[in-house]
């Protein structure tokens, strides 16, 4: 009896809710931790990145205007859908990171739980980061956090799934849209995450995933005037990151710098949420 | 507002539509503007001029249950010659008394000063229109050439603008040639939006002056209230080319405050209003402070209360 | 008519200005060195007020080293409650000397004494009071259980609110446990140097606050100095860009408070008299030298003519002249360079066929002046609708619907301030939510308070100053590790 031949998946980009191939036609080979061939990944080009910016910009108005309650449920829905595919994720994480099955399972559980954790933040951010300000005069004065807008992010290179979720969730929970470059060498869980996002309730364009070379795309995205912030967490510190940050100065983008040594299993705190919101302060007189 | 401006009709629907269509007043902004103007500082020679002008703008007032002919005669003497030691001191604009004392006042001041009477069931204004009209007619017959009437605040606050309007027009016609000052009693209107609406209502109904207060309700005149009334007068002139006077009455006691009001007038409606024909102070104790300041400016040293007369 | 305002000049005798100043480093003033001195001038008279020192590389080195020592040895280890008491002391000293500082600021900057006396100085003291109280309560501010300071903060401030911007920078930095090297603006160094004396009077430990004077080069040295952990800058967007480039790839934390082109949106149901006042304060406060100025007036078409007419009448009553005169509403332009820039942009407005109206007020013969000016018939495409003029020049545009108002208000790379004038509450909140600006003033304008966070969206910068949110600029967070 011959073994059934498995049906392999074609790995594509995730832009505006669709799964296009790179317009450049480029792919690159991805191997598992032992060096065996896993797949050919689409290698996103600048043009793909530009399309992702357009998709994110189109999505951000509606997503940021959604109620916090609604955004929280959408994030929770991601966790629900992921939980149904945990075995697939565990297999892919194990292959990508070369860890034990137990460790891969732990990573997947943490990733799912992280969505749940951030889902709960959606309707608390304004209360924790906002304020009523007791100004010395007859004015009501309050401050509210608002999403920065379109964020271009580089996910961690080592932690293929948990790191990716830990970067994306705090960006989108407040109403931002993101285009994220996942781990270059370990991108397969990211594409499976895209499939989860596509089949949950996340509006098209809120998350866009561009597999490929961050050092190729990021300096260009840094100069793109319709991108509001950069998250370089997963970028190698050094010349590429510095060039990117320098380019970002042209339009005064908010830049989160590379952070190679984060323990993603630790309590993330709210610093990432805080980084990608703006504080808006509103004054109004109080009189009759 | 353009040349084509048409006043609203005197019916309830038209008045309501018009008054509720006036721009709102932001209280904090209006208070801020009034406070900012209070920090202006004027020239010494201007200050002398301003003090004399303020004296000439005073409606010297006594409105007590204990008023007697003797008290009114003393008030009139003071009104004519506020500072017996200095004949260059101007007379005040008018004396202001209850209707029953108008005859005494007129006899005392002759034709040298205006005599104002607080008619229309002052200060509450709570009696029938017939009685208010009779009150007015009596005062005019006794020699009053200015009538200070109070509006029906109850009707105004109930939104019954037609009643307020009709009462003012009726009193206006009872006045004959006497000038009509309409007291809004802003302390009972509470909001600056109401002050703006009541100002327009009174002007539309024929007021010659609009006046802040009876002096019997606190707060009486305040800079923000006066500012809003001056704005109404300014805009009314723009619409109708008619100049309406403003009287700030009650609570103004010092020369400094009085000069601050003149600044308010100058910067809001312009210097054309700096005349007793268009701006008055309803006051009693203010006069002595103006006189003390006047003496100080002339002699160069501070005067004392024994150097001005009590009335 | 003899009713005129007096020249009511505030007495200059309350201030004593030294002929020369050194730099304030490590608790003391350096001796002025002749070849480092440059002049500072009264912009209302062009009179030279004093000569101050341009800090060079070795001065910056010494100042940063002093700040580092103080951070490590005195200020850093000091309990928050003790830091608080120093800040309270400073606040009180500012209050005690507030008239003197107001006069000094007016002399050096050209802004009216009415503003330095009634706005700048009260806010300066308030900022120190507010932040003093935070020094021993930081664990309650939402930045984790034991928030840590960043270290040495390099701070660069502009000339439009010299002492107030110093307060916005120094007070939170010290409250959070950082030490400071501050560079005052080239044209307005004197109140910062007076503040240095106040630090001495307060017995603030040496090195906690260091005050440098100088121009762009000094600022650049401070930004690029390897010993600074944090850079805070308020100024132009162009300089902000170059600072951001300079700190790229370092571990320095950065906050930027940059330019603006604020939209002041007036609906047809606005409280008209207060709106006119708000428009005036929005653009003519401090001669329009305000990054959050309401420099684009967006009028609903149905009231546009009436508002413009009332505005012109009101502007005709503004009094321009001697900044020390208590009746002066509009003071001098801070420098000849700034006046040239305002002139150039105003000319571009005329060349692009916008209609110019300037207040007929007379301008003094000496000093640098620009009359309150309005351009009508301006569109989004005009330079004067897009570029920050930083002067008393208002561009008037119109709109028809709330959606259009929002679209035009947001149609700028800046995002610092916005104004809304309407009596309709729900429209205020609808507009406030949609305007991409860090501060939205509804039925008021140009209000400031230490409890109220201030800062921009987009190219107006990032980070906040003031309020609980402002503390984040001077505390280490997990992201920064």
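Chains: A, B and C, in written order; residue numbering restarts at 1 for each.
The working rule: a residue touches a chain if its C-beta (ideal position, glycine included) is under 8 Å from a C-beta of that chain, and two chains touch if they have at least 3 such contacts.
What you are looking at is a predicted structure, and each value in this text was computed from that prediction instead of being measured.
Enquirer: Compared with chain B, which chain's mean CA position is the farthest off?
Expert: A
Enquirer: For this structure, which two chains have more C-beta pairs in contact than any other pair?
Expert: Max contact pairs: A-C.
Enquirer: Would you kindly tell me how far, in whole Å, the mean C-alpha position of chain B lies from that of chain A?
Expert: 69
Enquirer: Any idea how many Å lie between the Cα centroids of chain B and chain C?
Expert: That gives a centre separation of 44 Å.
Enquirer: State, to the nearest whole Å, the distance from the C-alpha centre of chain A to the C-alpha centre of chain C.
Expert: So the centroids are 36 Å from each other.
Enquirer: Two or more other chains in contact with one residue: find those residues in chain C.
Expert: Those would be 443-444.
Enquirer: Would you give the residues of chain B that are in contact with at least 2 other chains, written as numbers and ranges?
Expert: As it turns out, chain B has residues touching two or more other chains at 26, 28-29.
Enquirer: At which residue positions does chain A touch at least two other chains?
Expert: 137, 139, 285
Enquirer: What residues of chain C sit close enough to touch chain B in their complex?
Expert: It is residues 1-8, 114, 118, 269-274, 277-278, 306, 317, 326-327, 423, 443-444 of chain C that touch chain B.
Enquirer: In the complex of these two chains, what residues of chain B are touching chain C?
Expert: Counting only chain B, the residues touching chain C are 1, 23-26, 28-30, 32-33, 39-47, 49-50, 53, 228, 231, 262, 266-267, 271, 274.
Enquirer: Provide the residue numbers of chain C that touch chain A in the complex, in ascending order.
Expert: Those in contact with chain A are residues 126, 142, 144, 237, 240-242, 244-245, 248-249, 251, 256, 258, 413, 428, 432, 437-444, 447, 449, 451-455, 457-462, 464, 467-469, 472, 477-479, 481.
Enquirer: Looking at the complex, which residues from chain B come into contact with chain A?
Expert: 26-29, 31, 190-192
Enquirer: Mind pulling up the chain A residues that touch chain B in the complex?
Expert: Touching chain B from chain A are residues 137-139, 285-288.
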